[in-house]
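Below, each structure is written out as structure tokens.
Each of the next two complexes has subunit A plus one other chain: subunit B in the first, subunit C in the second.
Moving on, here comes the complex of A and B:
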């Protein structure tokens, strides 16, 4: 205890950290608490507790359809972002050092362009090529957004790959395609899984791009947005809590996978 | 006999830097051949060209008489054991070894039989299901060797495969490698910068320097009859004496060195009277005596430095003009103490006359 009083900077840092944790967790805890409130409006005190809202959410067709739609879009976007991302990462490792910098910067661009700008430009782009708003456009938007994350993760793994591995496969009779599928891809495995989970989370979470590119079917964030506009209710809290738990679980798993890929 | 590997006028340059310079080499089947040289001498580049990972700028490479110069690695019947082993980390030992066999389209039964046979050869049967990360360095080395041998290549290429092992294990693997080569009867082409490795295992050593072959021959010939200063220095230790040729008598050459008339054996170098030449005297060829030895090549000297090395003693003997010679005395032979005046000599057949060149520092 004395050490804490003696080491003031350390004490301040520790306090700042716990203040941050509190600031992060209090709103989430409140939101989760309200989802168990047995009343129609969101406010203290909670009074009676209930699981009614969860039962209602699980039977809400709109909610279930939005979930399904989000998952379908996430799956499609993840698949294409992974293929494109791994492909770009391979290209960057093969390119000369000057070009690889340019390729890498271009590949990372979608991650740093503001979501709103990206959404508007994509909207202009799809109307230029006569692609209607809707599923395909959303998948396109989400894919572009997710590619940089796959590239970075795949590239990190590729750079740690012994260069002789592919040579050894070639030497033992594999052509470059077989060598890629039997040696490079399995080696990239953990990074790809991590990258894919990241893509899914980005896609399911995305609101701005979906809002500009979507049609009439709502994805999960759009449904929640629509419901919030109709007034807060504990049902929304229940939905949000479910989303939070699922994404947190998936996110932690992804972190675990990337850690394992780095340590191997 | 048809050579299994032929390099014909092979040249490989990277920009201005010539890695391999007009290399001509043929290798007989069933031999353990070592490319020996310092780093950058072109030995690894030659190996990679044979493996198909580099393409020569000029010349041809033939494998069992067939031109393979422009074939990709997967179309050549040679396999490499890489320096870092390059085992596939996600495959267990058996699948690593099976990799090449699967690509040959062998039946799973034949693959299983071959993998079992190879694992038995290196006593790793119990490790078939292990991942490479669960093996020791020596075990990985053996798996890499078996993986490369599995598809039955015409030549097995080994790119400094022992350099990552510690000294004791390296010695053990040298003996094991040689015995595997003898058991399988395969042609091994081994690349190393370690002369001791080369001497231990090789049937033929090819000494390379600056992209060219300096000398090629069996270990004994290279050691006892070096043809250049480079070879004399690179393989073992050598005293290099600059001398003037007086005349020849059969295979004996008389030379004047340091005011003495000495005799040595002329090997490849045809020196005429009046030429300057170099005499190579190995440290262990120098003999000590209290009185001038009978015959030739005797001269007085003084012991300047003496290091006891266990089974031998290493001596530094200073002779008339201040030149210091390395000498080696085996345990139990006549010895001298530091500062003592002695007579040294060597037998003419234990000294070789070579071309006079700048002696590298």
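Moving on, here comes the complex of A and C:
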């Protein structure tokens, strides 16, 4: 009898978990299902199914250009955020304990500033340095947003690194730069790859910074936002479904990479 | 790397103490000062300006008038209050909804299945802010899945207007941010030693007592960082209230953004509003962390 009562919390927790999974997946599933609706408006029930929205999206120049633009921005922002983030992480590990705390807090600052404020402050900032809104400004904004995550990921990995690896390299005659590129950087490899994929997802997903820093060329989220405000059509669902599938695949791969790096 | 060029440039720099310091600290310090502090500093500076942009040769003069505007009209301070209420509510709901889920994954699921159980919860996270917001519309619209389902089941005759209300906005916010709560909670609950729970159970503590005396105190770090993260994210969300909210649910980010459309002469007012929001949000999060979390809590 007692064992039976002890199982009640367990059952309730299991139910809570599956209810939550349902809550997370149902809206996205509905969104994907609607992309197959054979009508010009968005409404349930779906009725006839079609693939024509996908055919239309694949030929939509605006969509393809927005994809390309998002990818270019993500690549540039990821590259710069990775270089700067790893550099900051190296400085934090080498700094004395008093300074490393200050530097770490400073490095994490963009992650705790609410997105809207971050976007506004960057908009003001680029105008004070006479940088016009557009691609360069977006890349800068996305880089600022991504750096804290790279720093945290690189620091986590650096903490597990045996210090004698670098000492051995130094004993064998490598100066600190060569030791960094030949020993520390390869050791950081998996964390860096995981961090880079995370940066790409952050950048491709970002709306508010792009909205305030961008010019007239839309990135993917801006295009979807404009279309949703302009009126519902299953075409948007098809676009969103394609983006979702690609980003989820990239995310799964990143998860796999970081898991492998942790187990090694 | 042993070429003459290297010896003459980087190699020489590394050989001296000052050179090593510049190589290690130069770029990171410049970046941190210019890009992490710089924007906030510029925004704060502009928020005190009487006039912006400055004409050539004009002296900058400073004032508090931009801040006074915020308190003068209810269409300015009400959205901030509304933003706080929605963010508090969304944080509380998220904590209550996510805690059992995080506990289940961390303690009930067998360790070898744990990562799969977690992964299932992470999938929607990769969909991104706009797509998740958009998918909520599919569920809650007048001809969305929920209304159609209720009508088919015979509960309602005409659709309940759920979209563009406080309900759809709250629902959307929780849907958007719940995973920021999940990860900190999960990692702190996972660290609770199993033998503490077993010992308490052996000594006769029921599930409620075990939760109150062991799980809750020991997952405090996760609760504090999860709540702060969710609150700070929630208050800065811009697109979701514009897509899911209605005319009565204008949030403060939308109010601020109004000053940044068009010409830049309204920027000082917008900047002062943004600063008011930043300071009040960070202060709230800070007070919460101090009250609940004790000293050793960090956000990340």
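As a convention for this text, the second predicted complex is superposed on the first by the 258 of 264 C-alpha atoms of A that agree within 3 Å, B and C clash if a C-alpha of one lies under 4 Å from a C-alpha of the other, contacts with A are read in each partner's own complex, and residues count from 1 in each chain.
By definition in this document, a contact is a pair of C-beta atoms (placed from the backbone, for glycine too) under 8 Å apart; a residue touches a chain by one contact, two chains touch by 3 or more.
Remember, predicted model here, so these are calculated numbers, not experimental data.
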After aligning the two structures on subunit A, examine subunit B and subunit C and state clash or fit.
fit
On the A-aligned overlay, A:189 touches which partner chain: subunit B = first, subunit C = second, or both, or neither?
first
Thinking of the overlay built on chain A, is A:168 touched by subunit B (first), by subunit C (second), by both, or by neither?
first
Identify which of subunit B and subunit C touches the larger number of residues of subunit A.
C
Superposition-derived angle with apex at the Cα centre of subunit A and sides reaching subunit B and subunit C, degrees in steps of 10
100
First, second, both or neither for A:134, with subunit B first and subunit C second
neither
Once chain A of both complexes is superposed, is A:205 in touch with subunit B (first), subunit C (second), both, or neither?
second
Just to be sure I read the superposition right, which of the two partners does A:221 touch: subunit B = first, subunit C = second, or both, or neither?
second
For A:178, is the partner it touches subunit B (first), subunit C (second), both, or none of the two (neither)?
both
Please provide the least distance in Å between a C-alpha atom of subunit B and a C-alpha atom of subunit C in the combined superposition.
8
After superposition on chain A, the subunit A residues reached by both subunit B and subunit C are 175, 178
Touching residues of subunit A toward subunit B in the complex: what are they?
162, 164-165, 167-175, 178, 182-183, 186-187, 189, 264
Partner subunit A, residues of subunit B touching it in the complex:
51-53, 72-74, 78-80, 82-84, 86-90, 99-100, 103-104, 133, 147-148, 151
Across the complex, what residues on subunit A touch subunit C?
6, 8-10, 12-14, 16-17, 20-21, 23-28, 30-31, 34, 42-45, 84, 87-88, 90-91, 94, 103, 106-125, 127-128, 140, 143-144, 147-148, 152, 175-178, 181, 201, 204-205, 207-208, 211-212, 221, 224-225, 228-229, 232, 236-237, 240, 243-244, 247-248, 250-252, 255, 259
Mind listing the subunit C positions that touch subunit A in their complex?
1, 10-11, 14-15, 20, 23-25, 27-29, 31-32, 35-40, 42-43, 46, 53, 97-98, 100-101, 103-105, 108, 115, 117, 119-132, 134-139, 141, 143-145, 148-149, 175, 178, 207, 228, 232-233, 235-239, 242-243, 253, 256-257, 260, 264, 267, 270-271, 274, 277-278, 281-282, 285, 299-300
